[in-house]
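Just below is one structure, and these are the notes that go with it.
By letter and in written order, the chains are A, B, C and D; residue numbering begins at 1 in each of them.
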Amino acid sequence: MSAEVFLDVQSVTKRFGGFAALNGVSLSVRRGERFGLIGPNGSGKTTLINCVSGTLRADGGRIVFGDQDITTLPAHRRTRLGIARSFQIPKPFMSMTVVDNLLIPLEYAAGGHGAAAMDEAMSILRLMGLDAKARVRSGALTQIEMRKLELARAMAARPKLLVSDEAMAGLSSNEVDDILAILFRLNETGITVIMIEHIMRAVMRFSERIAVLDAGEKIAEGGPDQILADKRVEKAYLGE
Amino acid sequence: MSGRAFAVAAVVVIAGGLLVAGLGLNQYYYFAAYVVLQYVVLATAWNILGGYTGYVNFGTPAFFALGAYTAVVLIKWLKAPLLAQLVAGAVVAGLLGLAIGYLTLRLRGVFFSIATLALTVVLQTMFVNWEYTGGARGISLARPATAPFYGSYVQFVFAVMVILAVLAVATAWCIERSWIGRGFAAIRDNEEAAECMGVPTLRLKLLATTVSGMLMGLAGAPFPFYITFVEPASVFDLNYAVNSLAMPMIGGTTTWVGPVIGAVLLGSAQQIATVTISSELNLLLVGVILVAFVILAPEGIVGLVRRLSRRDPA
Amino acid sequence: MMWTWTRSRTCAVLAVIAALVFGAWPASAQEPIKIGFGMALTGGLAAGGKSCVIAMQLWADDVNKKGGLLGRKVQLVYYDDQTKGATVPGIYSKLLDVDKVHFVVSGYGTNLIAPAMPIVMERKLVFPALFGLANNEKHNYPGYFQIMPAGPRPALDWTNTFLEVAIRQTPKAQTIAIVGADAEYPHNAIAGMRENVKKAGLKVVYDSFYPPTTVDFTPIARAIKALNPDIVFVASYPPDTAGMVLAAHEVGLRPKLFGGGMVGLQFAALLTKLGPKLNGIVNYDFWVPEPTLKFPGIDEFLKRYQAQAAKEGVDPLGHYLPPWAYSYVQVLGQAIEGTKSLDQQKVAEYIRSKEHDTIVGKVKFGGNGEWAQSRVLQVQFQGIDSGDIAQFHKPGKRVVLWPEKFKSGNIIYPYEKALK
Amino acid sequence: MVSLDLLLNALAAGLLLGGFYAAVSLGISMAFGLLDIVNIAHPVFVILGSYAAYIMNARFGFDPILTGVLFTPVFYVLGVVLYRIYYASFERKGAESLRGLVFFFGVLFIVEVSLLLAFGVDYRMVEARYIGESIHIGPVGLAYRLLVPFVVGVMLTGALYWFLARTFYGRAVQAVAQDAFALRLMGANPFKVKSIAFGLAIATAALAGALLIMIGPVEPALNREYIGRVFAVAVLGGMGSISGTLVAALLLGVAESLTATFSGPSWSVAVSFAVLLLALAVRPAGLFGR
C-alpha cells in the first residue's frame, strides 16, 4: 500500500501566533485517487492545502510528494513537480485575458510555449466551456466563470495532483454536475484529485476516500459511507 | 508594434538624435531635451518594477544618485571616460537594487516601498559624510575640454542620453514581450496565484529590482558631466521619486509607451513651466494632475486612448 | 550712487525730449538691456530668493526711472531654479541663447552658482554673483565677482572675524566647540574655522556635524556643555539655528562666547520669535542698522523694500540679503554706464579695477573676484526684551563688534553677563 | 567622556523626543496599520496642524496645544471627507493600494503647495511662555518645549488605546483590520467604521502639528522629513499596534538621542532608518508584531 502513496502529509503543524490552525495532521493520498477533504468553517482545510501547495510553510511535520520531501520547497517548485491548485476565492490575473491566464502556468510550470501552448490553452478552455470568453479580460468575468477559470488555470499547469478548493460554491446543480464531470474525466487520465468542498452531495459522489478536519485535527478518515456514519463527524458539523 | 517596427523605430530615434546633436542648435534645447530624456529613462526604469510587477519604489533618488556618485568617484580617481562611468554606475546601482530586493521583497509590497524610502535617507547620509566625493559641500568637476564626436560636451551628453533612453525603452519592450513580462504581470495581478502557477516570484522580482536599479543608475551616471557640480541635496532630490512615479502613472503603467508618453508630456510641461509660470503652480499642477489621473484615468493616457478607440467602432 | 543722479537725470530729460520729438515712437526705440538670472523662488532657499528678486526689481525701477542704462531701459529676465542645481544649466542657456540677454548674474547660494560657472566661463561672460562661498576657488575665473563680503579667502576670512573678537577678550578663551549642520555652507565654514583655530592656538574639544533633519538639539547642547568649552561656534541654517539657541538656553549652555556662523539670526522670522533669548549671542552679519553702516541710499531702499515684502510674505526686515541683491546689479549697471559698453570684457575689467559706491558701502574686488578685504561683521545681540519687530529696525540691538572700522559698541563678555 | 549625568540626560531627552514621534506617527499606525491605507500625506497634515497653531498663536495669542485640541474636530471632518474620496475612487473598485498611494502622493503636493501659496516660504514659529525654559529633576534637565509634546503624545496614545480597546467602534476598527466578516457579525458597517478610524487618524495630526511647531520652526516642505520617520515607527511598532507605536517611537527617540550625544550627531537620523531596514529584513512583523 505504501508504494501507492503519492502525497504523504506527516503530522503537519501550523501556528498563527498562539493559535494552532493545524495540530499534527497526517494523511496520505494514493496515486490516481479521488480524495475528499471536509470540515466545518475554520477547521484548517484551507491551511492544510496552503501547506501542501506551498503558499504557507508548515511549522512542524513533513510533506512528501512522490518520492521527494517538499516541506520547505517554494510553491512554484511544487507546481513544477506537479501540484496545482485552485483558490477558494478566485484569484485570476485580472489585467490579462482569459487565455493569457492559462499561458502563465503553461509557460512557467508545464514548459510549453508558442503556438502549441496556445492550442493547449484553448482546448482546456473548451473543456471548461470558457472558449467563447478566451479574449475577454478575466476581470470582466462573472463569479461562476471565474471559478471555472480557477480550475482551468490549475489544469494548465499539467498537474499530477490537482487540489480543488471549493470550486463549486455558488454554482447551480447543473453546473456542479458539469464540474464534477470534468474532474472525473481528469481523474480518468491519471490525475490525482483532492477536493475540498462544502457541497456534501458532490464530495460524497466524487470521493473514494474522505478525511474530516475539525479545529486543526483530523477526526475521521474513510469511505463516504463510513464518514456519514461517524458520530464525531456528525457532532463536529451539528455541534453538541 | 512588431519586433521589426520597434527595431526600426529605435534605430530612427538614435540616428535622429545623433543628427540633432550634430546640428549645433541653441544649447538650451539640448539641456532641456537632456532633462526630458533623463526622465524617459527614469520613468521607464521605475515602470519595470512599479508598473510591471506592482512594487512601488520611492527610492529613485537613491539609485540615480548612486549612479551619479559612482561616476564622480571614477572621474576623481581614474579620470575614467564617460563609457566607463556609465557601465560602473549601472552595475553599482543594479547591485543596490538586488540587495534591497533581497532584503525586503519577501514582504508585502508596501514594506518594500517604505524600505526604499529609508534606503534613500541612509544613502544620502553616507554621501553627506563621505569627504572623498565632496561630502555635504558637493564637488565641482571639470569635464574634458573637448568632447568626442561633437564639439561641445553639451551636445555629446545629449547624444549619450538619446542612446540611453532608447536602450531603456528597448529593455522594457523586450521584457514586456517575453515570458518574463508575463510573469511580472502575473505577480502584479496576484502574487500568490502567480507563485502557485509556477512563477518563481522572488527571482523575478529580484530581476526587476536589479534591472530597474541599473537603468536608474545609468540615468544618473552622465549627470556629473552634465552639470559639473554634484552635491547630495540635488541628486537625492525627492523630485526624482515623484516624477519617475507620476510619469508612468499619467502615461499608463502596463506598457512601455506609457512611461515614455508620461515623461515626454510631464517632462516638457515642467521644462516649459519653469520658464513661464511660477514653480509653485507647477508643483500644484503635478499634484492635481496626479490625483485627477489616478481617480479618473487609472490606466493613464494609454488606457484612455484604448478605451476611446474601443468605443468608437461600436 | 550720487554720481549717477545727475547723469541719469540728463538721460531722462533727453529721453523725454526724444519721446516728444519722435511722437508716437517711444523712447525705447532701442530694445532694452536684458539682465538674466535664475533665482530660487521655490524650494529651500526660496525665502531668500524671493526677497532678492524684489530688491533687484527695485534697482531696475530706479534705473529706468532715471532713463535706463546708456539710454536704454533695463529689463530683468529670470526663472525659478527651484533651489535645484540641476535646473541651472538649462536656465542659463535659455537666457543666453533664446532670450538673448545681454548680461547674466547668478542666483542665490553656492550650490546654484556652481552649475552656472561652466557656461559662463565657456562664453567668457562677466558674472556678478550673490552669496556663494568660494565658488571661484578652483576656477579662478576673471569674470566672477562675488558681492558677499566674505573676503579674499572666503572660508577662512568668514570665520576668522569671530576669532578676532574672541582673542581680544579677557579672560582669554582656551577651548572651543565647533558644531554645524551637514550641509554645504556649514561644512565650508567649519573647514575654514578649523584652520583658523589651529592658527589661534585654541584647543578643539568638540567638533561634530548633525543632520539637517535633527528635531531635538538638547542632546547636542548637553554634550557640548559637558565639555565646558570657552567658545561655542555654530554654523547652521535657520531651523537648526532656532533649535540650537533654544537648546542652549534649556540645558544652560554658558560658554564665554556663543554664536559665529548661524544663518537665520538676520531674518525677522527668527529674531521676533527668539526675542530675549538672543541676548549675548555674537554672530556674523553683513549689514545691521547701526550708525556706522548708514551708507547713502540704504534707508530709502529698505523702506521701499519693506513695503513690498509685506505684500509678498518674505522677510519684512530685509537687512540680510536684499541690499546685496540690489548692489550686485548696481555694480553691473555702474560698469555698463562707466564703460558705455555692453562688451563683457570691458565691463569685467571696469568692475575689477574700480571701487564702486553701492547701498552697502564701497565695494572693491580682489583678484579672485572676492572682496579685496573681508567685511564680515560680528554683531552682538544686546538689550532685547521682547519679540517686537520694531526694535530691530533701530540701532543698538545688534551692536557691531568687528571690524574696527564699523564698530558701534562694546561687547558684553562673557556671554553669561548678557543674559541678565 | 561617558558620564552618568550625560547618559541620564540623553535617555531623558530621547524619551521626550520619542513621545513626540509617537504623536506624529499614531495617525499612520491607524491608517496604515489598521486600515491598510498608505497615507503618505499624513505628515503634510501634521504641517497643516502646525500652521493652524501658528495662525491662532499669531492672531489671537492662543496656546498651540489649545489650538491643537480645538482643531481636532476640523481635522476629523477633513479625514472623513478624504476617506470618502478614497473609498469611492479606490477601495470600492478594489483597486490595488498602489493607486491609493499615488493618490495620497498627489494630495501631499496639493496641500504643501497650498500652504506655500497661502503663507509663503518663510519659517514660522509660535510663542508660548514655556518655550525655552526647562525643569530640573536631580541631574536631569527637561525642556518644556519637549516635555509638553511628550506628555501630550503619551496622553494621545493612551486615549487612542482606550478608544480601540474599550469602545464599540474601537473594537470594530480592530475587527475591520483583521476580518471584514467578523465585523459584519458585530453588526457594524465597515465603511462607517473605517471613515471614523481614518477621521481620527487625521485628527491626531492637528495635535501633532501643534507639538511640532512648538519644538522648532516649520515651513511647508518640512513634512517630507517626517515621511520616513513615521513609517519607520509604524512598521517597527508592529503595524497598527498602538502601544507598539509608542514603544517604537520611544526607542527611536532614544536611539537618536544617544547617537547625538555620544558618537556625534551626524549619524543620528540614519541610525533610525538603519534600524528600520534591519527590522524589515530580520523581523518583518515589526518588533511588537502580532
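The rule we apply is simple: a residue touches a chain if its C-beta (ideal position, glycine included) is under 8 Å from a C-beta of that chain, and two chains touch if they have at least 3 such contacts.
A quick note: this is a predicted structure, and the numbers were derived from the prediction, not measured.
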item: Between A-B and B-D, the pair with more C-beta contacts; value: B-D
item: Relative to chain A, chain with the most remote C-alpha centre; value: C
item: Between chain C and chain A, distance of the C-alpha-averaged centres to the nearest whole Å; value: 74
item: Inter-centroid spacing, chain D versus chain B (mean Cα positions, whole Å); value: 32
item: Chain A-chain D separation of Cα centroids, rounded to whole Å; value: 45
item: Of all residues in chain C, the ones touching two or more other chains; value: 42-44, 182, 209, 211
item: Touching two or more other chains - residue numbers and ranges from chain D; value: 116, 266-267, 269-270
item: Complete list of chain pairs which touch one another; value: A-B, B-C, B-D, C-D
item: Residue numbers on chain C that touch chain B, as the complex places them; value: 41-44, 79-80, 82, 84-91, 93-94, 96-98, 111, 114-115, 117-119, 138-139, 181-184, 186-188, 191, 209, 211
item: Chain A - residues contacting chain B, complex; value: 53-55, 74-77, 79-80, 84-85, 87, 91-96, 100, 103-105, 107-110, 113, 153, 156-157
item: Sites on chain D touched by chain C in the complex; value: 1, 3, 5-6, 9-10, 13-14, 16-17, 20, 116, 119-127, 131-134, 141, 143-146, 215-217, 219, 221-222, 225, 253, 256-258, 260-262, 264-270
item: Touch list for chain C against partner chain D, complex; value: 42-44, 46-47, 50, 182, 208-211, 213-216, 218-220, 222-223, 226, 238-239, 242-243, 246-247, 249-252, 264, 267, 269-270, 273, 277, 312-315, 387
item: In the complex with chain A, residue positions of chain B that touch it; value: 179, 182-183, 185-186, 188-190, 192-202, 254
